[in-house]
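I've put the structures underneath this note.
You will see two complexes here that share chain A, one where it goes with chain B and one where it goes with chain C.
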Partner chain A sequence: MAERYLTIALRFFIIGLGVLWSAFPIYMVVSSSFKTHIDIFAVPSKFLFTPTLDNYRQLLSDWPEFLDGLLNSLIITTGATLLTAIVSLLAGYAYSRYQSRMLTASAFFMILVRMLPPLVVTIPLFPIINWLELNDTHAILIVLYAAFFVSLSTWILKTFIDQIPRELEEAAEVEGASLMQRLIKIILPLSVHGMVAACVFVVVFSWNEYMFALIFTSSAAKTAPLVLAEISGSLEGVQWGVLFAAATLQLAPILIFVLLVQKYIVTGLTAGAVKG
Partner chain B sequence: MADLKLSNVDKSYGGFAALTDISLDVADGEFIVLVGPSGCGKSTLLRSIAGLERISSGDIVLGGRHLAHVPTRDRNVAMVFQSYALFPHLTVAENIGFGLKIRKTDKATADSKISHAADLLGLGALTGRYPRELSGGQRQRVAMGRAIVRDPQVFLFDEPLSNLDAKLRVQMRTEIKALRQRLGITSVYVTHDQDEAMTLADRIVVLNGGRIEQIGTPMELYDQPVNMFVAGFMGSPPMNFIPARAVDGVLTTASGPVSGAKFASDTQTDVMLGIRPEALSFTEGGPLSGEVEVVEPQGAQTLVIVRLADGTLVYASAEKHARQLPGERVQMGFDWAEAHLFDSDSGQRIEPLKTEGLQ
Partner chain C sequence: MFEDKRWLPTLMVSPVLLLLIVMIGIPSIFVAWLSLTESTLGAQSTFVGLDNYRQIFSDRIFWRATINTFVIVNVVVYAELIIAMLLALALNCKFFGKGLIFSILIAPYAVSEVSAVVMWQYAFEPDVGTFNLLLEQLFGIDFNWSRNPFHGLTLIAILSIWIHLPFTLIILYSAISTVPEDLKSAARIEGATERQVFRLVTFRIIAPAVLIALMFRYIFAMRLFSEAWLLTEGGPARLTEVLGIYLFRSAFRYFDFGPAAATGIAMQFLSLLVASFYLYRLYKGMKANG
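Up next, the complex of A and B:
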């Protein structure tokens, strides 16, 4: 009995360490965003303090482009996610339902592309994107971000679609459904867990991505992480409170999103591990 | 409803011939059962009619329409799958109405058709449920509902009862029969269960190795099997095959000569004497003799299994309270009218020249 309690206690201790490890930085950022400048640097750190919204007020007055950045991030994240979802559903379906030498070869290249360090493609991309006049547009980041995740999402969706019995589609076909109708009415609703799991990766990546945004946008499509970087590198010296406020605003939506869909992520990532 | 005509249908995968020269006419409203062992091509044939398999050559004509180049979704057939293939994310009503929705039937008509079908199948109270909340028999009914609601030209059933337990299977079999008598729908039904075939069919098609062995009413197949395969497949327990030799037109088994029938052959031919268990009777001085091996009471009757002199095991139906005991020596007789003769080599039926009297 005592041994069992010990195991449970140990388990909680380890989980506790894990939670502390990941939640502490978030706590520091969020709590500091509500602190005055003096409280932020108080040693030892203050757990009880009088919260203030001054940092947020100052953020809005000094850095109005941060809101534009958030809006751009939202547009680009949504676009990249939708594009990835559509492409990977179709590709995952093809990989799941058809067999050919071409498909096998293309699957290999899809994984190969994923092995490339993203930086390698950046330099050759630059002149191409200039020539296409896609610099500083939402479209270019949408396409780039989607391109990075299509391979992973396709793989996740293929695993899901593999588990949908072919007979369901045949039944739908006999009932008069076209390929498109089968995809929308049968495959899509039955692979929605995989879809969400795949999309989480794209959402988190697109929302936080810095390097490509830095290289390919300047003003019109500038995303929130770029503005954040500007705040921290401001010439007048870093306003830590403002920076924390901005970081909190940047963090909150993605955190809420991940919490909302976490049950999908777990089933999504373990799909195919056990035969149902 | 419509008639269905298959002519010279072939289907091969690479070098493997799944179906060879299948020709079959199904009359309007007729219930055809395709029966045969696993891998005989019966499901492939059904799927070919549905368009889920593409035939290599031949022609399929449904209600005067050639189906060769018609995609599955435009064939106007309905199919009930072995796994039921219900859509797990849709309710019973949505499952039944799936085809109507795809075909953009207006909502009022669709709703009345769905509720009519649901009532007909005793699903009225379950229309809001999801497939996972239903029992096996109820799922089976939903699959039937999805088929009947669209008024298709032909119904295709792919072993629809094989996932049910024995008791439910018999019950659903009766329901399907009642339903078809009520709706009078042209149907093609695949099963490996010869009981199901006998009870449901207007005509049975026996398939083996991708070829049609025989087409006929259940009783024709039972009474006049064209070869040993059909004879052995229909009926349970199966027909007994007793090796014999026809010498100068007279038949001799390991137990001795069997009088009462004359054969065309005037040379020596190896044959198989086929007798169903219920056609054998325990008669003193009968032409077949052997030793009782096992006695199996089955309730309504008792099966007596006899080992003949050459080692052949013969199943004989005796009355409820059989007097025979294991180890006992018995003699058995039969009526030539209920006996069959097959060529040992080809397995084909041989008709006797003349028969006379009881043994």
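Up next, the complex of A and C:
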């Protein structure tokens, strides 16, 4: 019996450490964003303090481009997600319902390109994108972000569509439903969970991405993480509060989103990473 | 069963394939050609054979970056594996508030590299950060990551582990929860200790998932760029550079695309090497299925 209690104690000790490890850095920054700059580096760190919105006010007056950054991030995330969802649904359906040598070969190709480091493609893309005058546009980031997630999303959707009985479609086909109608009226409603699971990853990636944005945007399409990095880079002494306010604003929406769709992240990852 | 239109499936997968070919496939191959030429912005490129490879292979900084990458990748991947395994085993039982705990554990997945750098910079800010003060008071360590390259690399590794732990945790946790309880109880009835149950039952069942999680983490960890760039920019004196930073600096700071492309080819080669066993197995499986 003693051994049993020991295992339980160990279990909760490990979980406790894990929770502390995961939550502490987030808690520190979010709570400090509501502190005055005197409280931010108070030793020992204050758990009880009078919250203030001063940092947020100062952020908006010093860094108006941060709001533009958030808006750009929103546009790019929405665009990349829609693009990924549409093309992955079509492809996922084809991989689920048809078989051919070409499909098998292309499925292999899709997994192969997932292994290639994204940074490498920027070298040839950079001059071409400049030449096409596509740098610093929303479109280029939308297409890039989608390109790096369509294979995962396609695979996740395929596994979901595999579970939709073909009989449903056959019945509709007998009644004269076209492929498009079947996709929209049968497959789409029945694979809503699959769509969410297929899209969460591109949503989180697009909202947070830094490297491509650093290389391919300069002002008009600059995303929130990039402005946040600039605020961080120009830090002088007392402006930590402003930085924390910006980090909190960038983090809050996506953190809430991740917590809401947590279940789909788990199913999506297991479907996409383990089997695909 | 469906309409006999042979072009239909091809048409349906073509947008995805087009995206992949144009944005990843062709550029990844074109890099090989760029690595054999000397080119910079706005200038005609000239063929130089293997000069770029000679150049990077004789560059001390390139080797430093390679070693840094190798060490960080291994530390990060195995640390994550061990921590995630412990957590997944600890979580593998029913208790009140488990959903909430799991949410907190995967919360770092939502944090961007930039925000994560802000968080850890704050905690480890020399002289004032909470963790720095703790390290100094408890162990007398002056953890100065912006001046000491070893400390810098340590912080980059900590940050990487922190951001990517949720991925490994989710995969291991799902794998462990598929291990049938009966099998474990049967082993216990036979007199197996908890350690034997793990080694002989649980681990054998989750081994394929562990292997795949490892492979993906190796490949993703090798891409390390943003965290390291934001934290140290490779400094001091380019001592904390990783391959990603070396490539980025050559391409987008010096606009010297040849050596950057050669570095890119090295990174691709390493990624595909790690993935090769997985790709080979997949290829055989697909061939067997038609």
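The rule is short, and it goes like this: the second predicted complex is superposed on the first by the 242 of 276 C-alpha atoms of A that agree within 3 Å, B and C clash if a C-alpha of one lies under 4 Å from a C-alpha of the other, contacts with A are read in each partner's own complex, and residues count from 1 in each chain.
We take it that a residue touches a chain if its C-beta (ideal position, glycine included) is under 8 Å from a C-beta of that chain, and two chains touch if they have at least 3 such contacts.
Keep in mind it's a predicted model, so treat the numbers as computed, not measured.
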Request  = Using the overlay on chain A, decide if chain B and chain C clash or can fit next to each other.
outcome  = fit
Request  = Answer with first, second, both or neither: which of chain B and chain C does A:Pro165 touch in the superposed model?
outcome  = first
Query = Between chain B (first) and chain C (second), which does A:Phe108 come into contact with in this model arrangement: first, second, both, or neither?
reply = second
Ask   = Looking at the overlay, does A:Ala23 come into contact with chain B only (first), chain C only (second), both, or neither?
value = second
Inquiry  = Once chain A of both complexes is superposed, is A:Leu74 in touch with chain B (first), chain C (second), both, or neither?
reply    = neither
Ask   = Of the partners chain B and chain C, which touch A:Pro189 in the superposed model: first, second, both, neither?
value = first
Ask   = Per the overlay, which chain contacts more chain A residues, chain B or chain C?
value = C
Request  = Classify the contacts of A:Gln181 with the two partner chains as first (chain B alone), second (chain C alone), both, or neither.
outcome  = first
Ask   = Once the two complexes are overlaid, how big is the angle at chain A between chain B and chain C (Cα centres, nearest 10°)?
value = 100
Query = With the two structures laid over each other on chain A, which partner does A:Glu173 touch: chain B (first), chain C (second), both, or neither?
reply = both
Query = How far apart, in whole Å, are the nearest Cα atoms of chain B and chain C in the superposition?
reply = 5
Request  = Enumerate the residues of chain A that count as touching chain B in its complex and touching chain C in the other.
outcome  = 170, 173
Message = Residue numbers of chain A touching chain B in their complex, please.
response = 165, 167-168, 170-178, 181, 185-186, 189-190
Message = Quick check: in the complex, which residue numbers of chain A touch chain C?
response = 7, 10-12, 14-15, 18-19, 21-26, 28-29, 32, 41, 43, 45, 86-88, 90-91, 93-95, 97-104, 106-113, 115-127, 130, 143-144, 146-148, 150-151, 154, 166, 169-170, 173, 179, 204, 207-211, 215, 225-226, 228-229, 232, 240, 243-244, 247, 250-251, 254-255, 257-259, 262, 265-266, 269-270, 273-274
Request  = Within their complex, state which residues of chain C touch chain A.
outcome  = 1-3, 6, 8-10, 12-13, 15-17, 19-20, 22-28, 30-31, 34, 41, 83, 86-87, 90-91, 93, 101-123, 125, 128, 130, 133, 162, 165, 167, 170-171, 173-175, 194, 208-209, 212-213, 216, 219, 222-223, 225-226, 230, 244, 247-248, 251-252, 257, 260-261, 264-265, 267-268, 271-272, 274-275, 279, 282-283, 286, 289-290
Ask   = For chain B, which residues count as touching chain A in their complex?
value = 50, 52, 72-75, 77-79, 81, 83, 85-89, 98-99, 102-103, 146, 150
